[in-house]
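Each structure below is given as structure tokens.
Next come two complexes, and both contain subunit A; in the first it sits with subunit B, in the second with subunit C.
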Partner chain A sequence: MPEKGKISGRQATFLLASAILPTSILYLPATIYRESAQDSWMSVIILTAFGVVMGLITAALGARFPGMTFVQYLGPLAGRVLGNVIGLGFIIFLIYTNAFIIRSLAEIFVNMFMPETPLPFFIISIAFASAYAVRSGLEALSRVNEIILPLILILLIIIILLISPEMQMKNFTPALEKGLFPIFRGAYPAMVFFAETIIMSMFIPYLNNPRRARGHIICGVLIVGLFQFIIMAATTAVLGPRLARSHFPALTLARQVSIADLIERIEPFIMFIWVTGGFVKVGIFFYCAALATAQWLNLREYKALVLPTGALLSVLSLVLWENFLEMTVQAPILITPYMLLAEAGLPLLLLAAALLRGKGGTGR
Partner chain B sequence: MDRRALRKPLPAKKINDTKNIPENNPPSEPIKLSGRLTADLGVIRDALGESMDVVIREFYMGQTRAALIYIDGIVDRIALRENILKALMVDARLVDPPPDRWGAAPAAPVKERVLSVCCVSETREFSVIINSILGANIALLFDGDDTALALRLPGYETRPVEEPHTENVVRGPREGFVESLAINISMLRRKIKSPRLRLERMQLGGITATDICIAHIEGVANPKIVDEIKIRLGRVEIDGILESGYLESFLEDAPFSIFPTVGNTEKPDKVAAHLLEGRVAVFTDGTPYVLTVPHLFTESIQVSEDYYSRHFFSSMLRVIRTVALILTTGLPALYVSASSFSPEAVPTPLLLTMAAAREGIPLPALGEVLVMGLIFEILREAGVRLPRPIGQAVSIVGALVIGEAAVTAGLVSAPAVIVTAVTGVSSFVVPAQSDAHFFIRLFLTLLAGFAGFFGFFLGFAIVLTHLASLRSLGMPYLSPMAPLSAGDLKDVFVRVPWWAMFIRPRVTGWRNPRRAGAAPPPSPPRKKQAGGR
Partner chain C sequence: MTIRACLFLLAFTLLFSPGCWNRVELDQRAIAAGFGADRAGDGGRIRITVQVIRPGQLKVGQAKPGGSAAVTVYSCTGYTFFDALRNLAMATGKKIFIAEAKVVVIGEGLAREGIGKITDMYDRDHEMSTRNFLLIARGEAREVMETNVAAEKIWAYGIAHKVKSMAAHGKAPPVEFRHFLNTVESKTTAPVAAAVRLPRIHGGGEEKGEDPGTIPPKEIMVSGAAVFRRYKLAGWLNEKETRGLLWVAGRVKSGIVPITAPGGDDGLVSLEIISAGSKVRPEIAGGKPSVTVEIRAVGSLGDIQPDTVDITDPGIWNNMEKRKAAAIEGEIRAAVAKAQALNADIFGFGEALRRQFPKEWKSMEYKWDEIFPGLPVNIKVDAKIRGTMKVTKPAGPGP
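Up next is the complex of A and B:
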């Protein structure tokens, strides 16, 4: 057993929220707005529903194989060879996603705040700070998150309250101008984020009460959906059509704040959300990658893998993308289908296989 | 050849060989008294050496030869004279039957009929006799009897009970612990009059043989924690224990952390409150500082007075202490980040003022803050160590040099002085953690100096991770914030009134959660219903 710790249901809910929210509030509003325009808030509702379905699939798989993580039940479910291949694919997915998250956080700082600092500095510091959290174990990671996530949510609410004088309801009209289709088109690239729910399959066995996993996962998805909805609505109301051209809507939002010439440009708030939230998010994916690799290789301990994985992540996030534009504009279009295949298609397929072949318990 | 052998360091095995260390431990085969007084006294003399404070008084009780052995200065001389020596030499004759008819073994009748001393024990072993002599007992040996008596009569100078210097209160008990274990225990007993208060004695330290007392309330404290403390203390192998700090380092879960995971206090009321919450206290003879475990991070913003003052005021103070905690660790980093990296985050008027103040200053903001912080720490240390009248001189010089001259001379900017002053003053608000604060402040300031807000916030996350990974006797250090137990937040950033605090903190008191009945808030007496009475 590479992990001996146990986490509570609330910690699991918070982990799920932190696994999605910190980067999804970065650029999702802009990505969605480019397709769905003033109806973007409806896209978020669709996304949340999709996330709930993903959560149900994840929970159902976890319930059929109690005490096992995703990587561990691949073997009994898909056979030894195929299971190992899928397991490797899942590990690659985790590492790739993590490299993407690290690079995007680093790019934000280089582009928006500190243009003269070299990119590798940010990448390496984020990767190794998170490595420290991963080495401290699942319990420590969950506890850090239990403090950081509420802080992030409170700061988000403060930012939105401060910006509320700038909101204009006319930015939401006309509703459904081009019919329902753009809403789905806007939701499509964002589904990658909400399908990250699948990483909960790595945490279900470590819950105090794994039978309640489904409720905790749904609750986590709903928290993400709620805050995504709030930030989507706020950015739409404040920025309107300008949102489509903005790379980091949340930052643009914070820069607009100006109250009585005293509270202006509350960028440190946003920086706090990104650094600490990013730290936790990277930590969660990092942890999953290290744990999955350890279980895939049948190791007794995952901690020896942490530093090598950190080095791999740093290098990958440096070399996988040429520049920022490739990463945020081009790559999502190209990789979205593959990511969705790994995150949503694979679990669905596995669940179907489990149901058809009658593998695993019924979860009752 | 011989010389070289002497110079050669002892191999590790020999150093660890405990048999080489002279100890008070009884040998495997206990040596018994022979019953012949001259021979027995010889053995005791050999064991105690020719120490000047050892007194051996030989006398006759009737026709029986007897001897008192004690250490001068740690036994009660008046009681020795009146209740023992006089009783044995004079009053014993008045007892019926007289001592001459007591037979060959006078120890038992002496204990039962003559000695007006409370605590008397019989023994036949030399090791026990010698240990009891060293532990402020008076040994009484008789010729012709192989049983000796040990009379417990400690009488030495102790400091009177005073108000502790470290934990001042405006309201609340003012008594503080002293250096005597017995007095300290009695102060605790007076506060908790329950048969469930358990006090277990241990003796640690190969040479000093220091008395340790583990206190807990049966049925409230977690027995696993009590056992764990006993195991950890049982493993201690050290020649001497002079202060509870020695034990602290053996009790810690994370010896390499800068954060303390064992608490200490000088106040009996605080120890009693800790015991009532299910914690365990470790008393050490010779020091007024009592250890309490598990020690949680929250305790650094809790002060005993919070629980005696009205709850609104206490809650406000809790918030102020939290703010001070954040300021003392984060303010220099915030200043460095804002002034060197992200001036756009500062409101324009303030930014202009700051820029004007920094005009012509040779050092960068990071350097300013570090130098000022260093000077502040030096002054603080000087003020603590020096006698009080000179200490005041130091603070005046420090205030003038730092506050006025450095700014006027253009060496540092006024904002940096303000930042350092606020940081320093805030660090005194949360004294329990002040050692750790210095390191965190330095860590965050350096990170902020390298990478602005990015470094500051990343450093914050790292410190938080470290805190979250700590445990104190197995209990999560950040509890009840993380893992969150919502009910226990009643005593973190606020302090709810006592009638609402009817559940013990979950992390320490889960074995017996109910502190009191769930009483309704007090209210004025209800009006009698019409027609009643």
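Up next is the complex of A and C:
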């Protein structure tokens, strides 16, 4: 068993929220708005429902194979060869996603705050800091997250309250101008974020009480959905059509704050959310990648894999994308189907296989 | 133990090496207070005029009253806004720091060509704030930026105060870059910006040989509005039309409505606006769109010329309210007439129709340019006069 730590139910909920929220609140408003326009808030409701379904699938799989992580039950479920192939695919998915997260965090710093600082500097800093967290183990990561996530949520609420005088309800009308279809088109690239729920399958065995995993996962998804909804509505109300062109809607939002010429330029709040939330998010995916690799190779320890994985992540996040536009505008169109296949299609297929072949316990 | 000591020392040195990669000390920055942009010649170049703050001049108590300035004005050309901005460093010797700027004035010539060159960078660059005021000069922006604004040591901030002063009179739109950018996203709504003019006061300061710093020889005024079609300046609104526009937008906060006293031959009454609101109701009847604008204005009587009318008479009072409503309607009519003449939907009537009638709108959107100039606009003003302040009748035996 490479991981000996145990986490509480609340820690699991928070881990899930931190695995999705930090980057989703920053990018998704623009991604969704490009398609759904003033109806974007409806897309978020669809997304949350989708996230809940993903949570149910993840929990059902976990319940059928108690004490096993996603990578471990691939073998018994799909056979040794196929299981190993799928496991490798899952590890590649984790590493690719993490490279994407690291790069997008670094791009924010370069684009919005320190344009002359080289990109690798941020990438290596983020990778190194999270490598340390991952080496410290699951319990340490969970406890750090227990401090950081509430702070992030409180800061978000403060920002929304400060910007509320600028909100214009007319930005939500006309509802359903182009029918229902754009709502689903807006939700589609964003599903990648909500399908990240699947990484909980790596944590279920380490819960104090794995039987109650389902409730904790759904709770985490609902936290994400609620805050995503709030941010989506706030950015729509304040920015309107400008939202579609924005790289960092939450930052643009924070920059609009001006209360009595006194409280202005509160983007350090957003910076705080990115630095801390991004660090935890990277840490979670990093941890999953290292643990999944260790279990895939049947190693006793995952810690030896942390630094090599970190180096791989740093390099990948630098070389995979030429520029930022490629990531925010082109990548969502190109990689969404593959990502969804790995995150949502695969678990669904596995659950179906488990049910049909009667593999694993019933979970009752 | 040795390793721990080394680590501690290493961490300790961090205390003395803070800061970020591209940190710049304050004295290495030329802090801009505001920009002016003009076209320079016919080669597509633009001229940027910048007011750079001189922090040394900002000390309290040292400055002479009036004319002391805490800015230096530099001017430079370039092919684009950014290009010109960087070229400015050739004159200032320091890179321009933009985050503290409050206003951008664009010259009429450049505005007629299109101000997209300026607005895009404001939208894009991380250092600029889209909360900066956007003003269009009726003339050269350079001249505006070079003018001493007596009330403020940092002249550009004085211009910003002049824009904010609209809260007292409602005769200039307080348009920030973000408002302009939001509006230009619309397919039909025409953006506006505050206009700034440069009247010369003849016989002032310089001619009498006085210290030109004490009495401003000329003072700039922010009044009226510039109307755009997309990024290009299409025309101007005068003060009356501008307030008409702001009535419809619901952005009149205060101001004075002068009316002629009822019955009195040419006695004038000032009515102060205390609060105002507006509603735009689009309608479609028989496939023909129309718009009803409802204004609610509450105010008080500010002054009245003695010996004209008896304001304690309820009939007179009602009559005055009607006259106030007619005066406000007149301002809106003027604005609508000018907007329709320019074929620029500055009120966002098209957007109002889109929100209310999304289905019917689809067939109107592409021919809005043909519909808008003839769009029937009904105006309903509900004007109330609530009080007469400290006294009832003006001093005198009465009419």
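The rule is short, and it goes like this: the second predicted complex is superposed on the first by the 364 of 364 C-alpha atoms of A that agree within 3 Å, B and C clash if a C-alpha of one lies under 4 Å from a C-alpha of the other, contacts with A are read in each partner's own complex, and residues count from 1 in each chain.
Keep in mind that, in the parts below, a contact is a pair of C-beta atoms (placed from the backbone, for glycine too) under 8 Å apart; a residue touches a chain by one contact, two chains touch by 3 or more.
Because the structure is a prediction, the values reported are computed rather than measured.
Mind working out whether A:Arg265 is in touch with subunit B, subunit C, both or neither, as first, second, both or neither?
In the superposed model, A:Arg265 contacts both subunit B and subunit C.
Please work out whether A:Leu318 is in contact with subunit B alone, subunit C alone, both, or neither, and reply first, second, both or neither.
In the superposition, A:Leu318 contacts neither subunit B nor subunit C.
Looking at A:Met327, would you say it contacts subunit B, subunit C, both, or neither? Reply first, second, both or neither.
neither
Who does A:Val52 touch here: subunit B (first), subunit C (second), both, or neither?
A:Val52 contacts neither subunit B nor subunit C.
In the superposed arrangement, which partner chain does A:Glu177 touch: subunit B (first), subunit C (second), both, or neither?
In the superposition, A:Glu177 touches subunit C alone.
Count the residues of subunit A touched by subunit B and by subunit C, then name the partner with the higher count.
Greater contact footprint in residues on subunit A: B.
Pick one for A:Ile335: touches subunit B only (first), subunit C only (second), both, or neither.
neither
Contacts for A:Phe121 in the overlay, against subunit B (first) and subunit C (second): which applies, first, second, both or neither?
Both partners.
Please indicate which partner A:Phe113 is in contact with in the superposed arrangement: first for subunit B, second for subunit C, both, or neither.
both
Residues on subunit A in contact with subunit B in one complex and with subunit C in the other?
113-114, 117, 121, 264-265
Sort out for me which residues of subunit C touch subunit A in the complex.
For this pair, the touching residues of subunit C are 20-22, 99, 123, 126, 129-131, 178, 181-182, 185-186, 351, 354-356, 358.
Which residues, counting only subunit A, touch subunit C once they are in their complex?
111-118, 121, 170, 173-174, 176-177, 239-242, 245, 255-256, 258, 264-265
Would you tell me which residues of subunit A are touching subunit B in their complex?
It is residues 8, 10-11, 109, 113-114, 117, 121-122, 125-126, 129, 132-133, 136-137, 139-144, 146-148, 261-268, 271-272, 275-276, 279-280 of subunit A that touch subunit B.
Which stretch or stretches of subunit B touch subunit A in the complex?
Answer in residue numbers: 337-338, 341-342, 344-345, 347-349, 451-455, 457-458, 460-462, 464-466, 468-469, 476, 478, 481-484.
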